[in-house]
Amino acid sequence: MKAVVKEKAAPGARLMDVDVPAPGPRDVLIKVKAAAICGTDIHIMEWPPFAQARIKPPMIFGHECSGEVVKVGDQVKNIAVGDLVAVETHIPDETCFMCQTGLQHICEKMAIIGVHVDGVFAEYAKIPAVCCWKLARDTNPDLGAILEPWGVAVNGILKGEVNNRTVAVFGCGPIGLMGLGSIHAWGASKIFAVEPSEMRLSMVPQFAPDAVLINPAKDNAAKVILDATGGRGVDVSIDISGNPRAIQAAFEVVRRAGRVTLVGLPSEPVTLELTANVIYKEARVFGSTGRMMWQTWYEMQNLMDSGKFDPMPVITHRMPLADFAKGIELAQSGKAGKILLYP
Amino acid sequence: MKAVVKEKAAPGARLMDVDVPAPGPRDVLIKVKAAAICGTDIHIMEWPPFAQARIKPPMIFGHECSGEVVKVGDQVKNIAVGDLVAVETHIPDETCFMCQTGLQHICEKMAIIGVHVDGVFAEYAKIPAVCCWKLARDTNPDLGAILEPWGVAVNGILKGEVNNRTVAVFGCGPIGLMGLGSIHAWGASKIFAVEPSEMRLSMVPQFAPDAVLINPAKDNAAKVILDATGGRGVDVSIDISGNPRAIQAAFEVVRRAGRVTLVGLPSEPVTLELTANVIYKEARVFGSTGRMMWQTWYEMQNLMDSGKFDPMPVITHRMPLADFAKGIELAQSGKAGKILLYP
Amino acid sequence: MKAVVKEKAAPGARLMDVDVPAPGPRDVLIKVKAAAICGTDIHIMEWPPFAQARIKPPMIFGHECSGEVVKVGDQVKNIAVGDLVAVETHIPDETCFMCQTGLQHICEKMAIIGVHVDGVFAEYAKIPAVCCWKLARDTNPDLGAILEPWGVAVNGILKGEVNNRTVAVFGCGPIGLMGLGSIHAWGASKIFAVEPSEMRLSMVPQFAPDAVLINPAKDNAAKVILDATGGRGVDVSIDISGNPRAIQAAFEVVRRAGRVTLVGLPSEPVTLELTANVIYKEARVFGSTGRMMWQTWYEMQNLMDSGKFDPMPVITHRMPLADFAKGIELAQSGKAGKILLYP
Amino acid sequence: MKAVVKEKAAPGARLMDVDVPAPGPRDVLIKVKAAAICGTDIHIMEWPPFAQARIKPPMIFGHECSGEVVKVGDQVKNIAVGDLVAVETHIPDETCFMCQTGLQHICEKMAIIGVHVDGVFAEYAKIPAVCCWKLARDTNPDLGAILEPWGVAVNGILKGEVNNRTVAVFGCGPIGLMGLGSIHAWGASKIFAVEPSEMRLSMVPQFAPDAVLINPAKDNAAKVILDATGGRGVDVSIDISGNPRAIQAAFEVVRRAGRVTLVGLPSEPVTLELTANVIYKEARVFGSTGRMMWQTWYEMQNLMDSGKFDPMPVITHRMPLADFAKGIELAQSGKAGKILLYP
């Protein structure tokens, strides 16, 4: 089969012919219907220290996808050949303290598809049954491919209250955009969207029609938000950018007793004014990573079923798997929403 | 001034001339702009044991209102002559354990305006400053008069999660209708509205456009809701009726680990199947009364400011104070939303 | 092997020779080291409608036990021959909404060991690996046999706060006693223990040394508790008796904004004064059943490891499996703590 | 009367004769029975930028105290001449959003006794009635003087669960010591105490007998704690030191899904590794300041009444008010617990 392989410990990747993987007794084999490009894939391509520390070439990468089940291991319950599934990227070990207390998504011995084991930028992929989310068979496979990143936003949003709250979102890439749509649908009273890319900022109104748009390259985001809230600040501040300056602003604009959720991953330590912005305010801060298995997925399903939000407009580009390099370059540019690849 | 007085320990009431009350140092005197009729007022008029046990005639009753401040006691901070205020009915003693831990609305020594002290069906009313909620001066006074009952719904709704949840509401009188509008605005994924009065049921779509309407006089509400949720039941079940049969149904339809909130006041003990409907389900049950001071009021203000919900359509009738008896009769009939009286 | 078999749909049971069960690929076979008698076993013996509705003879019953693993299915991870395990009675289906959101203990398709499938009053038992809690190999097997009932108490206690709280416990059978010990260890400020059996009441001080002992056959429990709390009531009220009168008292004595947890299973509907005892008080009520998998078990392990509480004194009698009928009779009498059987 | 006055905008202070203050209508006048020295008093004495920015000389400082009420303003309810009170330092404005939603201790317009208005290092002090906590008249006044700092610890501890949890406390000055005693009494399963002063560390066992003592000047605290928890880390990590290195360690040692509470005030921004220590762990972080009015005080009262913990051993020195300079010097040295001054 065709697959995008990180062949060597160096920048780049190659579309190659490889063997179709053989599923184990608790795995399924899927025919990949649609895969999406994530920031992690850019890192794997570029080969910075972050990638060098995690990836052991040669391996197939890519992890966001939907697929049709074509084989099931003999210990697999509840999934059948012909099912359409979306893939949860995190493989929990199922035996650690976290896994045994309902928090598989922060498993102490987590493996990640497309990072620690072969991924989904391929015609077929072997997926542990425990990482499959069944979709109605008539679901658009493109939707299935973007549930995983949407779930990153939903997990962070739902660390606390959002209905009837003022919410500031820092970072409006694909995850931020889908997050904004969810926050809007769940009844936030006022939304601020902060993003330096004008292209991305211009997409916000499709997701949160009444959001106040702020380009931090032009305006002081913290000042704009504090002014618009009479100096009090927002109830909820969510960083999806990982940018240290944005994270600092997220803490500056949260009100007393407000909530900060951190989703974006800063690539370096961040310096925070804890006395004024956390302690005197009695702020509550929540780290958020991945998606709860399966609470977050049910939340997405509920939201879609309610008809209140459709994440599909986040997809701006679609191309064959063979054009993966072009897709990754486009993703790097910041001038795209979600980009889908079709094997 | 003119006032509606419960003169004697017997059914009925009378519009009389009485002295304008003199506010104490921590009170304000308001000129009542609009007052609304509540179920309690019906009880006071009808004089059942419930009323006999609480009311000491002669007294002015009525408690839902807005008014313009015309005098302020010399210890009053933060309220000035000319302010428009809505009235919180519950007078906390401010010194008990509940009052001192943020729960004034369930004060251990609560007094209630229009029940324990003179009320607002009058041209003027003396209101403790601690019971005044300031409105922007250009607010429609009619809106100010319905915040108190709307708050009853909001307090109950916000005992837990509602965004992205399936919610069943039992009882669609004025409180239930405003509750439905709030639940809809705060992103419930699916709403069931249960009400035996066809007139009230027909008002539901103005408040929650997509709600499933159920008349329990015609259909088995529990069965309809269970069928519509694949047998699982709803995430949240809220009784605003106080009807024992509705309360039982609220427990039947809640799903495992779901939430039941009880707002309506049953006039007799209720027999519940606790083993199947609470214990095996691990249901969570929350009593709710009055409005949090002032969390609930901020929630209403936020919701109005967000433009997502306007409770005004709950008002179906308006009449002069002198017609109070007609208004109370209309309220008794169940063939009205909220009825306003103008002194 | 020897096993206690419910042979026929009639009162009684018989010790018989049966085949040693063969574990499936995801099961283990244990050699039962110690088993404990539960109220459910009494029901199975006596054969009331509750048992008739659930049990399909012939079957082996008994479900509380510890055992040494002697065989493991080929799909079993993390459990090895020679391990000592305690048994979780509830078999979750692992695929329903509850199981997939961290609430396996209230699985929508639960099966129960010793009720729906063969149990542990036998020399050997087949146990799904997903129901095994590994113990240090030098753990006293008697302790392993009482974790399951202790967990029933712990799950109920931890539905909310307990440290620094006044707590009333209704029902001081084995589960109640172990619950009292846990509540004491977790820093309750004052404890009330209500139990009509003098024998059981006399055991309370071993578990909660400072508890106020109340025999509801002699004193009005609600009155005693209200008097001792200045009329305010307790912060937390936990019913472990299932007795309707005790449940009513649990609601009477809880304070405004307090918590009621229901653990005991009433055999009939219970009539409650909801207006005064739930709604006006804004009480919070939590149903509790079984044990969280595996949060509750970790809580027990932590408590034992801390050295703050030892549940072993709850065991008052030990006898060979062949004496099961005598043990069940003793349990029926209410004149025992926990009774262990040794195959 | 005699009072310790910060006379000039420069280091130092002076015992002077000043007028006895006159209480307003909502104040009380107390005869100070015992006052305690706080870190803030050291700052006021030393006159660093922190003090220069807040203090407007001349003024009386000191804020931790108990006193007997000798006069009451005519609007004061519930406090009488002869009452013994402890003083809450934070004066809420009672009208802001925080004050109106149960969070007076983080009032948006807070004034602080002994910082913004005259304090309690004096024979008499004027205290707003809203800042008085009534004690039983036979309470030891020394105890009344240490409730305020003890409350700082209690507020931080109770931002989340503590019973049955492993807890690391960074900073074992007077607040930390009283916090350790509370954590122990509330059923923590294992406690780690981190403190560089050997004198303070040696006091820990009086408060938390089983605590593991760690001197970060000698050992790597994070390593010791991680090793002792099998690499997992603690459930709860509380910083009471304000030391940046300790705060970093608090984040390093918290387990996945664990809680960090920040109580100590760092005097400069702190650099944190958010990706590994907050986001990937899904840590929950809570700022904590002052004491909840009055939830925290009830918690202290409950704990004292339960007999499970007595904070009095934190008092190591007692001296007349005239020796305030000696007392402050002693406090600066770190070689003392709490130091009391008697006017």
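Before moving on, here are some points about what is shown:
Letters A, B, C and D name the chains as they come in the text, with residue numbers starting at 1 for each one.
Quick note on the criterion: a contact is a pair of C-beta atoms (placed from the backbone, for glycine too) under 8 Å apart; a residue touches a chain by one contact, two chains touch by 3 or more.
Given the structure is predicted, the values throughout are model-derived calculations rather than measurements.
Counting only chains that touch, the fewest steps needed to get from chain A to chain C is 1. Simply put, of A-B and B-C, more C-beta pairs touch at B-C. Chain B and chain C have centres, each the mean of its CA atoms, that are 42 Å apart. Inter-chain centre distance (chain A to chain B, centres taken as mean C-alpha positions): 42 Å.
Residues of chain C found to touch two or more other chains are 97, 103. Residues of chain B touching chain D in their complex: 25-26, 75, 77-78, 94-95, 97, 100-103, 292-295, 298. Listing the residues of chain A that touch chain D in their complex gives 97-98, 103, 106, 108, 232, 242, 247, 256-257, 262-263, 265-267, 269-275, 278-289.
Interface residues of chain C facing chain D in the complex, by the touch rule stated above, are 162-165, 185-190, 299, 302-303, 305-306, 308.
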